[in-house]
Amino acid sequence: MTTVLLAGAFGKMGQRITAMIQASDDLEIVAAFSPVGGTSPDFPVFTKYADIDVQADVWMDMTTPAGAKANGEFALAHGFDTVIGTSGLTADEQQALGNLAQANGQHLLMVPNFSISAVLLMQFAAKAAAYFPDAEVLEYHHEDKLDAPSGTARATAQIIAANRKAKPRTPESDAAARGDRIDGVQVHAVRLPGFNASEEVIFGAPGEALTIRQDSFDRSSFMAGVHLAIASVNGLPDALTIGLDTLL
Amino acid sequence: MTTVLLAGAFGKMGQRITAMIQASDDLEIVAAFSPVGGTSPDFPVFTKYADIDVQADVWMDMTTPAGAKANGEFALAHGFDTVIGTSGLTADEQQALGNLAQANGQHLLMVPNFSISAVLLMQFAAKAAAYFPDAEVLEYHHEDKLDAPSGTARATAQIIAANRKAKPRTPESDAAARGDRIDGVQVHAVRLPGFNASEEVIFGAPGEALTIRQDSFDRSSFMAGVHLAIASVNGLPDALTIGLDTLL
Amino acid sequence: MTTVLLAGAFGKMGQRITAMIQASDDLEIVAAFSPVGGTSPDFPVFTKYADIDVQADVWMDMTTPAGAKANGEFALAHGFDTVIGTSGLTADEQQALGNLAQANGQHLLMVPNFSISAVLLMQFAAKAAAYFPDAEVLEYHHEDKLDAPSGTARATAQIIAANRKAKPRTPESDAAARGDRIDGVQVHAVRLPGFNASEEVIFGAPGEALTIRQDSFDRSSFMAGVHLAIASVNGLPDALTIGLDTLL
Amino acid sequence: MTTVLLAGAFGKMGQRITAMIQASDDLEIVAAFSPVGGTSPDFPVFTKYADIDVQADVWMDMTTPAGAKANGEFALAHGFDTVIGTSGLTADEQQALGNLAQANGQHLLMVPNFSISAVLLMQFAAKAAAYFPDAEVLEYHHEDKLDAPSGTARATAQIIAANRKAKPRTPESDAAARGDRIDGVQVHAVRLPGFNASEEVIFGAPGEALTIRQDSFDRSSFMAGVHLAIASVNGLPDALTIGLDTLL
């Protein structure tokens, strides 16, 4: 049984994580940390670091970037292996926390994307790119998403570029309809109500195509990845691990 | 039985059309016109207008824009209802040929795209746009296609714009990944080896999506449309008809 | 402004319909009918027919089949045009209610499926089947759906069969992998967690394919159809109308 | 430069392989074996084993199962590493040829499917099945394909079953629309003109889906796999290798 202290337990994701842990056989929530308050019949809720008198195998942090930075510094200095679920920390901030984990003999797992299907898509894209240099990335999100392309699409394009072994057959083009070009890979962003978050990679070669698509319909899709992260962080080989990639 | 004189019988499309007519129950090829020569055991081949001594219900023209213009002028003035299968004539040239058809009591059918599935896609998109103002167009073509977006994708975006009854929820964006914007409709062009010509329209609304996709895998996909055009041109209500749309 | 009395206002769908009406510019909820109780700060809630002292342009019924039958009998006899949103009434029960509407000079609209995209899919399938006799239906639902294929998929297969003009090229087969055969159309049912309700029709012909797909991601997808039904029922030409089909 | 003796050089696949080798930088065709005759300006063609007086790094065999068996026995006994491109040999025949390769210090590579995208799909499916026990396989082929499901779909279902780590959430069903059930994995076969050979695996989990799809539009899709097989067979670690899987 892995015991968990959950920071951010009363946000939208925090509530789902609480329910997921409570429904699991191998995880147990023993406390929450929430400066803005909140109560639970099942575990104590601390609002200040100084009050925390419970130890846990894992500090699971689902807060803001600022909260994650401060919480991570506290947790790693106080005996908690830590999972941080935000993509908002800079590379320098991540490294600083990693150094702290190293110095304290703890493990830190930073997870920008808990979707297992998204991580598998990127792994499969890396492998396929070695055989299919011609590839384009499409992502589909709800109409309110402000940035385009998505961070996952951008990362996927970079992964494809890094794993290509041959020059693509498709010539470059400046036509607006050809979308964005990231490391030499065309990326297209669709924005439509009804969609939540989907990503697709299409590889083409003479006479054939290979398509990998991942759909996240709602937040429940992240729970399997959160479970995996919490269950794995104690046994990680390194002090700092970024992403679920090495766990899959 | 509808009799056909086929101009351009020995090009790639012409050979397929010949085979299609010969395999059909209701069409018969009675002559070919081909200034560059060619022979057939089954029908006479004329290389000059002056030599043509065969009449047919339909002059089917599958040549170049220049050839189609000259051939159309001859055919419409010599008693042939005419099908022209090129998208390369200007609006003025089309109208001039239409006027000639009117003056001679003939029917002229100009067909820029013989794909029945592409025409149906545009019809369906027109209807769906009335209920789903949020829509994006994606087209997928082989890596050698020079223009982007395709003419069909451009036409589809215009049709969607013309049939919208409400303002889309999705805000406009200048991000390169959002593709081209035609009449307020985002259009994305994918270029990959393996693909021939495919087009897709995705409509989104709260909690739902409607997708219409059309794939042309090879030239055989045009034969049903050529058949329909030849079989229909004699009975058209107007002297000039553009596109298969009104026939479906 | 169309005024509405909503029966079943406190169920999952009823709550969404209430919110949709309150957010709309052209509909107004003036009362609810709910034998199991419930209250609202915005409108009176009646628990017995005898208490209803409010008239409305439309009685919108989102209850059980038994409730819909009884409520429809009351509403049509008391001056309400009525929309019934259940697929559970028998053909005889539907006809009996239609006769009651006729006798009382009211309009009755029975709607088995409020998804506009699903209705459009069926319309498009009907048209495409005339040109593409080869077609297969695929539906994708959550793992808990008990029946297979779905009613919509079954109806779509019947529509395709009714609109075919030529014999399909694809030979019949008894192989289990070929799925169910409804009126000569193969139907495939996929059941997977993550999916809610999606339906797809694929038409194939030499060298081409036409695909129409509809996804309902959640209940919000039905609100546009509910809105359309309420806004349209007063102006319907017939006493009994079944389905949104004739409204689109 | 890898030298090749091509058996079956004048069949449909053989002609494509000849062209592929002649266009490549690293392969060279030095002879053909064809009991039914055929000539080439570029290399000698042998019609009898006894006449073969050319050695090559690889005997590439693209013939019938019977031809492949006899040719393989000759080639492996006469100093040729051998690639056999047929799926028609029994497991016993494959093993017997493998034993012959072992005894003669040669390498034998048997390739039932030269499509790299199909092999990658199966590899990706194996990995994804460990995280997503709920999966269904769909395959799409031309209307003339007699068997259903395809061998590739069947193999993919078996791979998924072998790599699952948890019980699927989706209950079993006997409904015809649910398709075939292979090792506990539902498999659906679509047959439509226009399609050549496509395969799709859909994984579902709460709130998400992962889809992997492979399309073979025509025979040109196999050339990259043939190239890989010829270029790799000399360096294989084992006397007998089955499938491209271990090469990717």
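Just so it is clear, A, B, C and D label the chains in written order, and each chain counts residues from 1 on its own.
As a working rule, a residue touches a chain if its C-beta (ideal position, glycine included) is under 8 Å from a C-beta of that chain, and two chains touch if they have at least 3 such contacts.
From a predicted model like this one, the values you see are computed outputs, not experimental measurements.
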| item | value |
| --- | --- |
| Angular offset of subunit A relative to subunit D [C-alpha, multiple of 5 degrees] | 180 |
| Reference subunit A; chain at largest CA-centroid distance | B |
| Classification of the subunit A:subunit B interface as same or different, half of numbers criterion | same |
| Geometric centre distance via CA averages, subunit D-subunit A, whole Å | 37 |
| Approximate Å spacing (C-alpha centroids) for the pair subunit A, subunit B | 47 |
| Approximate Å spacing (C-alpha centroids) for the pair subunit A, subunit C | 39 |
| Multi-chain contact sites of subunit B, meaning residues that touch two or more partners | 194, 203, 205-209, 215, 217, 221 |
| Chain-level touch network, classified as line, ring, star, complete or other | complete |
| Subunit D residues touching subunit C - in the complex, by the definition given at the top | 134-136, 138, 140, 143, 147-149, 153, 169-171, 173, 175-181, 186-195, 202-209 |
| Touch list for subunit D against partner subunit A, complex | 115-117, 120-121, 123-124, 127-128, 131-132, 203, 205-224, 248 |
| Partner subunit D, residues of subunit B touching it in the complex | 194, 196, 215, 217, 221 |
